[in-house]
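Please go over the structures that come below.
Below are two complexes that have chain A in common, paired first with chain B and then with chain C.
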Partner chain A sequence: MSAAVLAAPSAERRARMIALIQSRGAIGVLALAAIIASLRFPYFATANNFENIGTAASFLGLVAIGQTFVIILGGFDLSVGSLIGLGSVLAAYSVPYGWLPALLVPALAGCGIGLIDGLLIARAGMAPFIVTLAALLGVRGLALVLARNSMVIAQPGIFGLIANGQILGINNLIWILLIGFALAALVLNRTRFGVAVFAIGGNEEAARMLGVPVIRVKVITYMLSGTLAGLAGALLGAHLSSGLATAGQGEELKSIAAAVIGGVLLTGGVGTMAGALSGVLLLGLIQNVIDQIGNLSSYYQNLASGVFLLLAVLVQTVLTRRRA
Partner chain B sequence: MSAMAASRGRLAALAERAGHDSPLALARAHSVYAAFAVLIVIDLLFTPGFRNVFVIRNLLFAAAPVILVTLGQSLTIGTRGIDLSVGSAMGLAAAVMALALAGGAWLAVAAGVGAGLAVGLINGGLVAALDINPLISSLALLVAARGTAEALLDGSRVSLPEGGLFDVLGIGAVSVIPIVAIIAVIVAGLVAVMVRTTVFGRSLLFIGANKAAAILAGIKVRRTLLLVYAASGLLAGLAGVFAAARLGASDPNYIGVNYELDAIAASVIGGTPLSGGRVSILGGVAGVLLLQVLGASFIMNDINFSYAQILKALFIVAALYLQRAGG
Partner chain C sequence: MAPILETRDVSKRFGAVQALRSVSFALNAGEVHGLVGENGAGKSTLIKILTGFYQPDGGAILLGGEPVHFDSPRASQRLGVSAVYQEINLIPERSVAENVFLGHEPKRFGVLIDRKRMDAEADELLRRYDLKIDPRARLGALGLGLQQMVSIARGVRLGARVVILDEPSSALTGAEVETLFRAVDRLKADGIAILFVSHRLSECYRLCDRLTVLRDGSVVASAATAELPRAALIGAMLGRSAESIHRVRPARVPREATPALETRGLRWRTRVRDVSFAVRPGEVVGLAGLLGAGRTETMKASFGAETKEAGEVRIAGGPVASPTPGRSIAAGLAFLSEDRRAEGIFPKLSVAENLAATALPALARFGFISRKKQDAMVARFTRALGIKAAGPGAPITSLSGGNQQKVLLARCLATAPRAIMLDDPTRGIDVGAKAEVHEAIHLLVEDGLGVLVTSSEMEELMALADRLVVLNEGAVSGALRTEGAAVQDVLDMLAAPHEDAPA
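Coming up: the complex of A and B.
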């Protein structure tokens, strides 16, 4: 009997330990990878290189915020990559009317697509996977039609400064990435909306019975994801000073990968913004390191990312089973 | 005697009811054929040059590999899974085939198909043995297999030798019908028969309808799932070989890109619901042809191809809505 009493807390401690690895493991791996990379490559740990990684990760980062909300809700958003393309094209068209429309029009367009997705998923009860897959195809088509299959050249001005300027010596895009994630973590953990997202992802039926406005929360979550993707597209347009209808292809999958690597469970109801940010940065770090290994073909980047994602999922699966 | 007659009457009534589904269910089951027929009639009437045999032949050449990956996709969706890796498996198959050219065309083709099978086996192993969500295992393979294909050929295009087997697959045709299309249709027929009549086919649908019940009923769930994903990879390998032969080259950046999306779209439009438990092979083939003809119609009418993509999206949503309404 005393053995059983003693065993109970240790089992509980083990479960807590595993939960900690699941939610914070990616941060540890990121730190470890960064240390190894800085020992191995002299150029890696320079301010210049960190800026490169951060800037390149910012577009994926914004999208990953929305994707994380959607996955915790128990869904997917495959439309975000195409929305980056649409966003950059719309930004290029709107920039003659000022920098504000150039940011707002893409964000609103993304919001609108998210609204349609959300209504079809939450109200009509269609599978998120296929609804957002249709949006992926349709939005890309729309972007190509609007850009007439070619590049739209934007006049940057203040708009370009938003994406390429600096505040306190740090690139604006990195500020946007960090502030975006901080705000998202606040919303996810400290607001009623965040609690509702977790509740629906954990057990939708129970959430409904507890009085959570399931349909409204779902629609808002998809609108949020769409808005962020449109905004990411606008920033990409500002960064490249052009609207590229084909921009953002594959980002939807990368953002899901980043979230999963960061410990966001595809079954819904579990995940952290810090984890998702670690996933985004890890993917960026892999790309950066492979770029620095001069004789290694850049094609190995996809291979490495894919294997890395698999390993992350394997570890997650094993840990989840241990915990149960 | 009268009891037997009564039961026979009841059976007849049941059979009659089964034959007379609600109009909505009928629309759901046959909408893809109706849409295809309408599109063909419109094209025959209004699209200049649509009757040209070269156009039809080209369409069928393009459709053959999509049909193959759609077959595999429908099977995985039937088990309530998904296979995002098929496009990259095509690319990898073409790349491996290019590397194995020294051993002769037949060996190269076999190596390519084998590469596709290998992707399918890894995917199936992850799904069946380790219980990993097929969406994420096949997503990882989508990224990794494409990377491997690019790394193997260093990102460059490798031309295939002219003549022999590659000409048979790339340009060979019996009058209007390409040989690859004939092969694809035969494979589709085999898959359809397999789903309807074999224990394996019944098992995969059972798993899709209710996995827990399938386990309790003694169905070999793991083995069935492994075989389903292996089949999807094998078919993708063959599709990669077909696509490369048509192109006359193995291009790791081009072959199979976005085919997984077309395959999923064709399956869903063809009446294979994502909720699993039901597969429509004939519908899937019709879905592929519908999407191919749709794209061609826009190009031939000099309308921006991107509009076809928007219309494709609307088709998917409409098909899905019909499925939902039918239960």
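Coming up: the complex of A and C.
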């Protein structure tokens, strides 16, 4: 009797297939793109090149972790690109006091900006677009005001090693990227905080009715995003041995693009960290391949990324409609 | 034994409206208590007081014999009152188990959610209610009925002693209703008190041990189900069974034989079942029925605002194969929605822009709207219907409810229809404006239009209409001429249980 009211098994199987494509499709595309690239470009599938891709992707990756949390929550964070610039400047300032302050000061600055954004969005009910756009402008201005003529980090010491050293023959930045995503996936799927983020993004009113502390979870999520962006800035400073106030321009949009390509729905409530990581790597791979073609201008990279983003959104829209 | 939940002399006032007057009633363990009443009777207010959304102005709420204050929804939930609404308040993209446990997940190592245990406990809980639902399934993949079951399961898991089911079955299929009813039986057996709110009287009679009727904020009847026959219940709901108002105005004489609007065997889901009727030019036909009888749905299915599943619609004699609002308007049918705010006015536009919205093609030249023609049209209707506005450029929201309704009526007429359907056109407008809307309807009929009208007030409908078509649970249960008829005649038709009604 109850079986009659359950969805027909074939419909359910189709829905599961679609959900699988939505969450894991980007990984498949990434693998496919990597195979094609390695067949076409002999240098592509070398350890050295993979390291290049991974290292270059690590900064965007850290930012994309935070961005993914925020998008699943049902918002987005435009401040993260500027926070990379501010982070690298603050790291250059604080590195004379040791490697720990050089990491912590940018992270705390990002956390503070996230706190302000989060409070304005969650408590004052302002639109995430406006609040974080204001932060994008303000934080970039702050970074430029603070930056001195030369922000070269003369003696990076341990701080430089964090970004440029290796463990087990693999660049530390790649370790940070992978461990960061693994931890993020754990938090997202296996903690009450993560489940609450999904719940708020899925149906904010219902989440409130079900007793989820909506304001607190929102504020913490923006703080997390800001912290990770500040940290990414510090690591970029360490990597380049320099504070660069203009660093990270456009990373806020790239991180949104990476998450969306990875199957994180801009409408909130749906997404995976594995998908977001695939999106980050896919964007990195596009850049890498276009660099290898050699005679192509880097403008083509943006063109290709744009096309990928559009295709990803198109596929998502079609799949979502099918499932409904 | 003391009742689990009890209200004593609970009152609530909103501005000038007394929503509840000294309401006393009790929910007992293992009992299904039905709460019925027409729109505005105070059911929602009472539920919101029991769930902590509103605080009563006077009176007391007792839980297990002890006075309590539900100062927030969370406080009421924590004390064991769980409500399931027709609009599911869960997270569709997450799993069933996550929805059951959200905020109360079992944990390992103090931080990590123990998914295995969560799924197992959810599975056990669902099985107890005879529900074959995979706890890992996405909630949104389930039908509405099963989603409601999940909502009930969540309430039980969080220790509910009272479960409020607010219009749970309005959107359910027959099989889903059966599942819901079995779950209610199990809740009963577990000693939980159930408050069942529904417009569907058949369901109330089938499920409830006791029925309480609210009207105008007061309890007007409360008795064991067996002691409250349908006719008495409906009489109490509408409150006019004793009076016997007779129609005095003689019926109009329809002009032609070809109906302006005709349906044959119209079907839409379970809400419109084989509905056939005809409206001739120059007559007003009233569509009578209790709330939820399918009045609005019948109109929407005829108009094409809902896609009919079977049946035929003819407008001015010509069949409309698959009606859409655009086709129906083109064929000569107009529809004035019951929900002025959601489906009627464009709140940010002016009176003139609102009025002209459906007639734009007639006013356009080379795709541009002719201001001159628009102004002329607006002036014509403003005069004909006596619309009181500061001017054609005044914002529509600055008008009274009655005048807004007249603007919408004018908008319907601007498409030069042969037949017009008015869904509760006088809802929520004051007495004076009502009379003006009635006058406008008489003018339409004299012009030879066929009018189909509903009203939540039976006397009004009888005064307006020449004939009534009575709907009961989606099907036509009778028809009568209003000339010389009494309200009681209609009440009897409303009350008749329908043989193949949804359980």
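The criterion applied here is as follows: the second predicted complex is superposed on the first by the 310 of 324 C-alpha atoms of A that agree within 3 Å, B and C clash if a C-alpha of one lies under 4 Å from a C-alpha of the other, contacts with A are read in each partner's own complex, and residues count from 1 in each chain.
Basically, contacts are C-beta pairs under 8 Å (C-beta built on N, C-alpha and C of every residue); 3 or more make two chains touch, one makes a residue touch a chain.
As the structure is a computational prediction, the values presented were derived from the model and not from experiment.
Annotation for chain A, partner touching more residues between chain B and chain C: B.
In the superposition on chain A, contact of A:195 is made with chain C only, not with chain B. In the superposition on chain A, contact of A:305 is made with chain B only, not with chain C. In the superposition on chain A, A:266 makes contact with chain B only, not with chain C.
In the superposed model, A:43 makes contact with neither chain B nor chain C. When both complexes are overlaid on chain A, the residue A:97 reaches neither chain B nor chain C. Legend: residue contacts after superposition of the two complexes on their common chain; A:125 is shown touching chain B, with no touch to chain C. By the document's definition of touching, of the two partners only chain B reaches A:144; chain C does not. With the contact threshold set out at the top, not one residue of chain A is in contact with chain B in one structure and with chain C in the other. Residues 76, 120, 124-127, 129-131, 133-145, 148-149, 253, 256-257, 260, 266-267, 297, 299-307, 309-310, 313-314, 317 of chain A touch chain B in their complex. Residues of chain B touching chain A in their complex: 82, 84, 126, 130-133, 135-137, 139-148, 150-151, 154-155, 252, 261, 264-265, 268, 274-275, 304-310, 312-314, 316-317, 320-321, 324. Chain A contributes residues 1-7, 12, 15, 19, 186, 189-192, 195-196, 198-199, 202-203, 205-207, 209-212, 269-270 to its touches with chain C in the complex.
Of all residues in chain C, only 73-74, 77, 88-94, 98, 102-103, 105, 107, 111-113, 115, 130-133, 137-138, 141-143, 145-146, 154, 173, 175-176, 178-179 touch chain A in the complex they form.
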